[in-house]
Every structure is written in C-alpha cells, then in structure tokens.
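This report refers to the structure that appears directly beneath it.
Letters A, B, C and D mark the chains in the order given here, with residues in each chain numbered from 1 onward.
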Amino acid sequence: MKIKKSTRIIILIVGLLLLAFPQIVQNDYYIQTAIMIAFFAYMASCWNILGGLAGQISFGHSVYAGIGAYTSTLLFIYLGISPWLGMLLGGLLAGVIAVLIGMPTFRLQGTYYTLSTIAFLTVVRILVLSNPTILGLETRGAQGMIIPLVNGGDSPANMQFLTKTPIYYVIIIMLVVVAAITNYLKNSKTGYYFSAIKTNQDAAAALGVNVSRYKLICAFISAFLTALGGTFYAQLAMYVDPSTLLGNEMGQQFGIIAIVGGRGTILGPIIGSLVLVPLQEIGRALFGGTVQGFHLVLYGLIMMIIVLFLPDGLVSLFKKLKPKNIKKSTNVNQLGANSEQ
Amino acid sequence: MNNNIVLKLDQVSKHYGGVAAVDDVSLQLHEGEILGLIGPNGAGKTTLFNCIAGYTKPSSGEIYLGEKPITGLKPHKICKLGIGRTFQIVQPFGDLSVLENVMIGAFCNTNSMARAKEISEEILELTKLSHKKNDHANSLTIVDRKQLEIARALATKPRILLLDEVMAGLNPTESAQVSEMVKGIRDEMNISLLLIEHVMSVIMYLSDCVCVLDHGELIAQGCAEDVTTDERVIKSYLGEKYASRNK
Amino acid sequence: MPLEINNINVYYDDFHVLNDVSITAEDGECIALLGSNGAGKTTLINTVSGLNKTTTGDIIFNGKSVKDIPAHEVVELGIIQVPEGRRLFPNLSVRENLLVGAYSKRAREGREERMAYVLDMIPALKNKLSRAAGSMSGGEQQMCAIGRGLMSKPELLMMDEPSLGLAPKIVEEMFEIIEKIMKTGTSILLVEQNVNMSLEISKHAYVLESGRISLSGTAKELESNPKLRESYLGI
Amino acid sequence: MLSQLAQPLLSGTLMGGVYGLIALGLSLVFGVMRVSNFAHGDLLMIAMYISVALWEGFGISPYVSIFGVAIFMFFVGVFIQKAAITPILKSEKERSPLRLILFTVGLSIFLQNLVLMIKGGAPVTATVPLSTQTLPVGDLIVSIPRLLAFVLSIVITVILWFFISKTDTGRAMRAVSQDRETSLLMGINEYKTYAIAFGIGTVLLGLAASMVSTFLYAFPTMGSSYTLRSYVIVALGGIGSIPGAMIGGLVVGIIESISAQFMPASYSEVVIFIIFILVLVIKPSGMFGKERK
C-alpha cells in the first residue's frame, strides 16, 4: 500500500519526537508515564488484532501476558535463558495455548465466546494462585516471583536496565512493530479475511475463506504478541505475580482501551491509551494511592458512554472530519482543471 | 451449451424434524447452461442451494461436481472446488472498499495482493463497477450491491455460480441491467449458472431450462415455455380451480 | 369507507418497494391483493400494520390517519394482520396463542366469550386448545392464526398468503371460514397466490407488480383478464 | 462414603436453589430480549452491599429490608433498560449482541470499582442473630439461613412461573421471546415488555441478594463468577426456561459442593469452567441459542 507523502512526513515528525522525548523531558516520572501509555497502547493493539480486526471479543486476554511473563521468567531463573529469547518462547507457548483453547470456543459466537475468555483467565489465575509450583517449577503462588538481578540490574543482554530511557525505547519499538504488523495485516490477504469474518462468516466461507482456520491464525498472532508484552511488563517491574498479570483488571483494560479508542484501526488503541492511561496518574495524584479502583470507575463509565454514543470509538471523531477534506480537495482539483482549460 | 454435466444432484433430500424441505430432488446442470429454479415461497429453493454450497448437509442423496462427490463438504472447500454462490440478503464487507470486497474472492486462487487486485479489476470491469472501486462498500445502492455480490463470487473463478434472487429489490430497468450482466458472464466466462428467481420475465429471458420446486419436490422440468404451461405448475402458483378452468 | 390508502411510497434503504400505491376497501367486503412474489404485497400490509413507514401519502382507517401510529397501537384501532407463514408462537399452546391475540385493550374484556365465538367459527381448534402451536400441522396452524386474529375483534382483517403450503382440501375449508368472517361485517384484505379462490370471494381486486398497482377492478373483470396470468407467469 | 456425601449434597442443594434464582433473572432477560448482561453478577453484588449497609447502618435485618431492596433493584433494572439497552437495540437494524456485551462489560467494571472505591476490597456480610443458627437433622447439620434462602428461592420460582405462564404480561413476554415482530402485530409493546423483563430480572437479584447476605460474604469482584455461573446454568437448563434454571442451579450447586470435598475451596470457579466446557461439548445447543433475530 502506498503511503501518502503528507502521512509520511507526519510519521517522520512523530517518530523523531518519540525518539527525542527522553532527552527533552529528562524526568523519570514523565518517562515512566510515557512507558505505561506505550505499554497499554501496545497491549490494546495486540487485543485489537483479534477483537478489532476479526471481531472476536476477549476480556481475558491478559492470560497470554501472564503466560509470556511466567515462561520467560521461569526460563531465566531455572535455565538462565535471557528474557529476550524467553519472551519469544513464551509467545510461542501463548500462541499454541490460544489455538488449543480457540478450537472449542471459537465455535461459540458472541456472548458465550466472550464469557469463555473471562472464564479461562480466571481458571489460570486460580491455578497459579493456589499452587506453589507449576510442572515442578517453583512459582510461589500468590507471592509471585522476584526476577533476580544480574550485575546489579545493569544487564541489557538480560533485559535489565538501570535507567528508564532504554526501557522506553524498547516499548516504543514494540509499539511500532505491532502497529506495523496491524498495518500489514490490514493490507494483506489475511487481514482482508479477518475483516470478512468479522462482518459475515457465511458470506466469507462462500468466497473460500476457511473461517475457523483464520480465526485460529488470528488468535495465534494476537496471543503471541500479547505474551511479549507480558515479558516486558515483568522485566519492567522485575517481578511476576498472578494478581496483576493474570488479574481481571488487565484483561479488561486491554479491551477497553482499544474499544474507547476505536476497534479495528491502527490508531485507535494508541489514542485510547493516550486518553485513558493518564487517568490512572490523575487518580494517584488525587488520592495518593489510598483509593483503589478510581481509574477503573472512569474506564467503565467512559466505555459505557462510548458504546452508547460513539460506537466506533474516539478515532471516528477524526474520520468524521475526513470526507469533508476529500470533497474540498476534489473541488480544488476541479477548479484547477477548469483553469487549465 | 454442450452435454458435459458439471453439476449433478442425485435424489437429494433435506429433512428438518419430520418435514422435508427438499424432497428427493435429482437434477443436472450442463456446461454453459443457465438453469432457472422457481417455485412458490417456502418451496425449498434456498435450502437446495445451501445443500449444494455446503451450508447444510443433505439428509440423503449425493451431489457431484463433474464426477467428484462433494456432498457434506465445508462451504469454503466447495468454493475452492469451483462453486460460487450469492445470498438472498446481500451483505458487503462494510469495512472494505468495493475493490477490496472483490479481492477477498480473488484470494481464493492467489496469495499475491497484486495478482488479486489484477483479477478483481478485470471482474469489476466486466460487472461495470470499475468507477466505484474505491467507494466504501456500505455506501453502494442496492443494484450496485447486488452486482458487487456477483463480482465477489466471480472473483473466486467458479465453474458454477449459484445466484439466489439477485433481482429481488430491483426495478425493471435495474433488473434488465443485471440480467444482461448475467448473460455476459455465461457467454464470456463460460460459467454454468443455477439461479433462483421470482421475477418470471427474468427467468424466461435468461434460462435455457427451468426446474419447478413445490413443497420441496421437483414438480416440473423443461424449457421455460413448456414449464409455464404445465398444469401442475400453474396449480402450484395460482391454485387448483384456476388451472382447470383456464385449460 | 373503512380503509383508504392514498399514494403511499415505501423504501427499504434505497430500494423503492411501493410506488404510489392507492387502495380503498368498503365495509364488510373482501379486497384481494394479487401479484407474484416480491411484488410488494407483504410490504403493503405491513405498512398498514405500522411495521413499515410510508414517506408520502396517507393511510386512513375509519376517518383516522394511522400512518404514524406504532405497530402495537394499530391493533387497538381494530386492524389486525394474520402474517405470512402463520407466525404462531410455537411454544405457546393454541389457547395461549388465542389469548395473546386478545392482548390489546379493545379485546381484553370479555375475551372468554370471544374465544367461545372464535371456536364456533373455527371448530377445528376446539379439541386442540392445549396443544403447543408449533407441533401442529400447517393447516391447523393456519386455522389457529386466523383464530388468533379474530380474537382481537378486528374491523379489518389482513391475511397474508393464508393458503401457502396447504393441501387443496384445507384451502377450501379455510376459504369457507373467510367467507363466514366476511358475513359478520369484518372487512378483509386478502393477499393471495391462489388467484381463483381469492377472486371468487372478493368484490374488488388489485394486482401489484414491482411495487405498483398494474391492474385493478372488480373480481369479475379481473378473472377474465389475460393480463393477470401474465403478471404471474410472465408469459 | 454415602454418609460423607450426604452433607455436601445437602449444602449443594440448598445453595443450588439460590443459584437457580440468580440465574433465573438472567435467563429471563437473555430469553426475552436476547440481551447479554455481563453485569448480572455485579448487580447481585450491589444489592448485597445495600442489604449489608442497611443492617450495619440502621440495624434493619435483610429479612426485613428484602422487599425494599427488591423494589429498589426493580427501578435500577428499568433504568438501565430505558437509558441504555433500549436505545442500543433501537439503533441497530440487525441486532447483534456486540454492543450490548461491550456496554454491560463497561457497567460491570464501573460497578465493581465504584464499590471498591467507596467500601474497599474487604468482604462484608450481615451477621444477624439467625446467621449462625443451625438445625440438626440426624447426622446432618442444616444452616437455618441457607434453608430459608432455599425455601424462599423455590417459592419465588413458583410464583414467577405462575406469573410467566398465567398472566397476560407473562404471556406477552413469552410471545416476544418467540417472535417479536408478530408480537407487535398482536398489540404488544416490545420495549415495555423488555423493561418489565429486565426489571423482574433485577428484582430476583435483589431478593436473592438479601437472603444470601446473611451467610455469604460480598466483595467487589464477586460478580464475574456469578455471571459465569448464571450463564452456565442457563445453558444447562435452556434459555428462558424457568424450571430449567432451577434444575440447572441445583445441578451446579451440587457439583460444586461435592467437588469441594476433593479440591481446595478456591477452585469453585475452576469447577464452573469445567462444567462450562462439558456443557459446550455435551449440549452445544444450550450455547448456540440464536442471538440474532
């Protein structure tokens, strides 16, 4: 797909700004906030591949983040495998599990599919919470695992960094990659197929689309990428525990951010994250951590409002402006053509 | 039309509960033929389509594509083997443009974006939708949607095309336009067609041969003129007494 | 004049289903609405019922415009439809289906007497009251659907393809019932494929073709008009 | 062995009756409107918190406040229906469950965290004098509040069954659930019927919440497990079936209670999930109920 010149310039400027951001602000708090925004934008984008492109709504997607984080951490602790490699293995495992769980549940549509995603997350969380070991490896149940430091935490080869700036660059790169993948999918056979499945499975099948196969492919990609985000989050906190990574809260947030921003678009999850994630910080500033759940109250409220009044998400506000622009430009062309005559 | 049989139904039945929606139907479609399928509402025409295209498995009987039995195969497999279909209620993939809609069909035979685009543009040329190829599929008028639906199916390169009431909802001018297009498809692409239609004039104009279904049964088969003067057919359409009185 | 339909136009999205259709019906007479599948017959009666909206013209019933009244309130005026394909509530018993027919305020009072009256009109239902409607034969279902319509004390009864898919003997039985209903002073708008039977019992008839009235006149006139057959079979 | 199982069988039956009542409201809403309500369990949670607050703040026993709570919940239900669900249903030509799923998930998150914000995450319960009373029956111990809850659940189910099968409104609800267009043609006001169905659904939650608040703990995140359980019960018993919901509730209650003999108590949701998968394999029709009409 050809990208317009103006779009390229915007991408270039935004890219440079993103690169320069840590140098400009030089403030750990702001960098940390930017990391969280980028992280949730990344996760919402991963969710969006399944929920937005193919229309399969999951509110238990954090289960794959948990699988990724636990896999890379266990591989690191027991075998000394670097999380850079571990995250890929975790991603593969998450993808395979997504396919296995998808085989029976993708036959469900709508309500019962969404329900099955929440239920699966709950089950995995309970199993991790109430067992001190998994497959003989110590996971310490609810306590979670602390990731041991290498060289005092200064070991880029093991995804451990002393300052926030490199972490920021890691997640920005991940975000760019997932946006590029989404863009690629949207402009490829696979993405076209996802879109067809989302609108009408019967009509898709009539055109030769193997519906169940493409749903599974989509689940694999989405789970794989989500798992990478899980490892990132673990390395950011240097800590893995079931109630955060496998919590309902995470599972809900990925979806909410994408839905509020705009399902099925590249920018939607990013806009959603830019709008919603700072609310967490505002909540923290207002109540200083004494009040739980504040930002989620707002998330829930915003989601209800968006679903009621702006079902295509915040992104559709921009799109509504677009047709006017197109009309204007054609007018200009016509004028130009006339004057040439 | 020649005598090669491209599609053969052998005593196909479909029961729902105790009711036979399709009852022991046998028919043949020849290469290059347009076969009309008519009958009153609820006669089982769409169910028969669903059996052929794999959306429902016949309770008994066999369906052959050429020599190959295809009974009970999944819809996407049947599409790949060369049977395209349209639906009574058209639903374009609304997220995509007209061209992209057709490309989904074209991907049936290619993985390349460029090749799919090429095929689709050819098809759009043929279906006279080229000038709208970048329009949002949801913004199309009803007649364009119908043509898009056909274009999408054509892009899968079918040997046989099943058209389910493509003229429904069109005014006479539009329906004449689509009829011409359907004829063009047969002549230029050598595709055999099976079409369900309510608008009789369309059936008369297009079909080489007509099958009449009533209560799931095949009650008449033959050339258009013969069928419409067939007593059983008139009876099923107009009622018992009318048929006998106007003999 | 109980029913007067003046120049209505109905669209589904951009599909023009009814094009300037006008129809009038007298008290206690039967109007036959003929035409092939897809001509717009069902759309027409659904518009009278309030399920579709007309963009122009008016529908007047007993001197009152009904075109902007929501479907569930149209029933209160005495207009009821017996929909195509029976559309009984399959898991409700015959008795319950009849009771739902008398759901409207105009019919709720004295509905037990009404039911006795309906069962008198359609004796075939008498010993099937406790059967689940969905488990009955097509003919029995059609009788039940007519009974359900009668329960609402209709002044105008619109029947959509009542003979569809029924055996000839049952069709005759049903037409006898329709004649009985007419004698009670209820106007009937009959949509039918069974041209002959419909023309036999109706006074006036209209033929719809692609959303327009292509022929109209007394039943006698139409019966001998060769164009009628043409519009059905296209020859 | 048998005597070992008798006690869990008994507790499971008692609890199962309450589960049935909770699922009934969902079954009604799902059955009549085909509306997915992911906030079902959260509405139960809200009602329980209200019961507990009335007991702790004003000393009003849940057994007294039950009707007040039920009436309040009726208005909550009608409000949700009129403010959100009806507009969403009206705005869509082809009804798809998607927006309702998203809306009710939003509602669920909102309610959960509102309670968390105001009351914190610690579990609460209304410890009334009756809470700890038991009744020995042979070797078995019957908890009196649980027995009461069970009996009331059965009574309410019978009343509801009577309402649905014998009254005009009940018949109208069944008619709408089977064919909404034809219901309109019979003079039934579709959206009014929906509001009543949703209202009754939340009333049932209010009644159940009041009864269980004397022996179960309420906490902000309890909702999702009740939502899941209710959907499983509805799939088991058949969408919209009243006796089905009760039987499904008893089945789930008993399975949970017996499996708790072999597993840690925290595994109850694992058990529900396993039942979910089993229902999916054995009785898929329960979950493939048409959501589009």
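Going forward, contacts are C-beta pairs under 8 Å (C-beta built on N, C-alpha and C of every residue); 3 or more make two chains touch, one makes a residue touch a chain.
Since the model is a prediction, treat every value here as computed from it, not as a measurement.
Of all chains, the one whose CA centroid is most distant from that of chain C is A.
Comparing chain pairs A-D and C-D by the number of C-beta pairs in contact, the larger count belongs to A-D. Rounded to a whole number, the gap between the C-alpha centres of chain B and chain C is 32 angstrom.
Centres computed as Cα averages put chain A at a distance of 43 Å from chain B.
Contact topology of the protein chains: cyclic, one closed ring where each chain has exactly two touching partners. The complete set of chain-chain contacts reads A-B, A-D, B-C, C-D.
Those residues of chain B lying in contact with chain A across their complex are 53-55, 74-76, 79-80, 84-87, 91-96, 100, 103-105, 107-108, 111, 113, 116, 152-153, 155-156. Residue ranges on chain C touching chain D, taken from their complex, read 49-51, 71-73, 75-76, 80-81, 83, 87, 89-92, 96, 99-101, 103-105, 108, 148, 152.
Residues of chain B that touch chain C in their complex: 40-42, 141-142, 165, 168-172, 198-201, 203-204, 215, 225, 228-229, 234, 237-242, 245-246. Chain D makes touch with chain C in their complex at residues 168, 171-172, 174-175, 178-179, 181-190. If you check the complex, the residues on chain D that touch chain A are 30, 36, 38, 84, 87-88, 96-99, 101-103, 105-114, 116-117, 120-121, 220-221, 224-225, 227-228, 231, 235, 264, 266-267, 269-270, 272-273, 276-277, 280-281, 284, 287-288, 291.
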